[in-house]
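I have a structure here, written as structure tokens, and I will follow up with some questions on it.
Naming follows writing order (A, B and C), and every chain is counted from residue 1.
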Amino acid sequence: MNTISLLTDFGLVDHFVGVMKGVILKINPAASVVDICNEVKPQGIFDAAFLLRNSYAYFPNGTVHLVVVDPGVGTERKAVIVKTKNYFFVGPDNGVLDLALKEEKPTKIIHITNDKYFLKPVSDTFHGRDIFAPVAAYLSKGKSLSNFGKKIGFLKNLEFPDLCYDEKKLKGEVVYIDRFGNLITNIDSRALEKFIKGNKFIIKISGCTLDKLSRGYSEAGTDAPLALIGSFGFLEVSVNIGSASAYFSARKGTAVEVEIL
Amino acid sequence: MNTISLLTDFGLVDHFVGVMKGVILKINPAASVVDICNEVKPQGIFDAAFLLRNSYAYFPNGTVHLVVVDPGVGTERKAVIVKTKNYFFVGPDNGVLDLALKEEKPTKIIHITNDKYFLKPVSDTFHGRDIFAPVAAYLSKGKSLSNFGKKIGFLKNLEFPDLCYDEKKLKGEVVYIDRFGNLITNIDSRALEKFIKGNKFIIKISGCTLDKLSRGYSEAGTDAPLALIGSFGFLEVSVNIGSASAYFSARKGTAVEVEIL
Amino acid sequence: MNTISLLTDFGLVDHFVGVMKGVILKINPAASVVDICNEVKPQGIFDAAFLLRNSYAYFPNGTVHLVVVDPGVGTERKAVIVKTKNYFFVGPDNGVLDLALKEEKPTKIIHITNDKYFLKPVSDTFHGRDIFAPVAAYLSKGKSLSNFGKKIGFLKNLEFPDLCYDEKKLKGEVVYIDRFGNLITNIDSRALEKFIKGNKFIIKISGCTLDKLSRGYSEAGTDAPLALIGSFGFLEVSVNIGSASAYFSARKGTAVEVEIL
């Protein structure tokens, strides 16, 4: 139980992430800290939530997932530990854990209040360093949950765009764009399968039509668009050896429709 | 004594940082190398010095802080090891260690000359790989200081902008801007407290006036400016959920004044 | 044999690299994963090959070099393990290993086919996660080569620009530009030495002439150009405390000539 994953919006041009790692190693020299991503855009709660959902389960059982995207730092938003069957999650209660916890249900939620485990003096602007990192470090050393605060029942939800259905159309949207310009939608593979049920269909985006699901990027020619179920498990629109984001001038929120023929 | 922190301007688009880590692990497989930051702007001695000052003390006692921002590589500038009460610092003698060493005084300074601990052939352009990384690795294995070279008495200073005082005004400036656009000044919390002594005051920047110190970012409305003592321990001008750097068109050197009313 | 180096084009703004590390640690908790570089430009096989060539030998013997720049993911391109005297290399057979393997010859090549060591279900878009990371992890645990698939005899070559010679001229070109704007050419130090044989020579680039090889950057004045044998072991054109790329408006492919006087 010595792996701590790190997901923040602190970026890599300053010292914030390094300081958190120093704090962790000072408390638990045996901890192995692994970056999931520290380049989430500032205050990007949704992006962090989406990346966490698509990452957490690949880590060893017992991993402490430390997530600090925390625009409400210094306000009354709670700091929490969430235990699930296989993992611990530590972060602010602002929805950033919500998508992961829809996949793997919480078995216990703790409101972190015991300042015995904080770095003092606690700043009002960098709880990543002063609260979240030390708590994650003590957790990774095996300190039991009850030490950190009282049990609570609920966490803040995150708004995730709903799918719209009618008989012939499933309407979703782009929710995430990766470094390659791939457009990841909110249409997950199960929803898609259930909707098309073996029928012929087309996929529409930005006035263009794609008439099948490809298996890999290179089923399309170089610079040609395609749709597939990507490694996130969602319908994804891509361009082979190119950027679908540029090709379709798409952004988050761009509509993607599946239409039964 | 197996943690080595790394602070460089080598960036992450090339292999420089990875190669230094390879060199370290080849010498000390038990070393745990932690990045403080490798995205210091090229030749940014001041920025690195400022980040080091605000990071070093969060690491475990015995950590070797390896700092390579080295525009003078291949010249007569010295390579040094500095021992303090709790840490080792390894880097070029160009001022980059100076701000940290004003906080924690050197107990011994060694001019690194013994090429027994260098990677051969020693290049004239990448002492990070050929001198600093191997020396840090041997240090982290417990090799004693006297092996690396002779004791010296002084290090190069770094110019840090002075505060200007008159009876009613304390004049400082922006010395660092972080990824969020927060403007960190050279006015540290002790100097500020001593100056205002409980009097009413205002803070002036770029023609605007702030009339109090906030505790956290969210005391201001979204996109509104505020001043606070930030996690660096200095007076900081920020914009809640926004960039003070953009808001005030500020850059390094922009004046920040505290005026007693 | 627990070090795994990582060289990819996955970038740091998404979760791809973090997920690969999670997968590795789940299989081999004792693995130490070290990034060589994850910011290779998307599909940049040549750049990755060049960085690998200049990095691999600095790592401890037994290191598994995991290289995933894989525009052909999901096609018939092979996944391979290459054993050399001191290292293992794991990656797609698309030329990305070629430059390193010209320096240290393969002693065995395995075509990875045994899906017992894959993460299931295997996606068609992220073999870094589903095939390469788990195979590297099992290798780093000491699993022997024959488990992963059958021996094969050849790998794909990478096109590396040839040098052109006549009696008085050696014509090369820029093949890589680093973060500092240094222009690294395809003229390696041995080829250069053999060509100039102690004669006087000049170096020409973009209409400018440099009349000697410097030892370090600071032999030239600030913002002045120079040529030297850089830390890659190749002829390099640089600007002291500046960017040669900007100074010469140079890019990959820009001609660099050495002329005997």
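Going forward, a contact is a pair of C-beta atoms (placed from the backbone, for glycine too) under 8 Å apart; a residue touches a chain by one contact, two chains touch by 3 or more.
All figures in this text were calculated on a predicted structure; none of them were measured in a lab.
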Please categorise the chain-chain contact pattern as a line, ring, star, complete graph or other.
-> complete
Turning chain B onto chain C by a C-alpha fit takes a rotation, in degrees to the nearest 5, of 120
Chain A to chain C: how many Å between their CA centres?
-> 31
Sequence positions of chain C contacting 2 or more other chains | 12
Can you name the residues of chain A that touch chain C in the complex?
-> 2-3, 5, 7, 12, 32, 34-39, 51, 54-55, 58-60, 63, 178-180, 215-219, 228, 230-231, 236, 241
Chain B residues touching chain C in their complex are 10-19, 21-23, 25-26, 29, 33, 42-43, 71-75, 123-126, 129
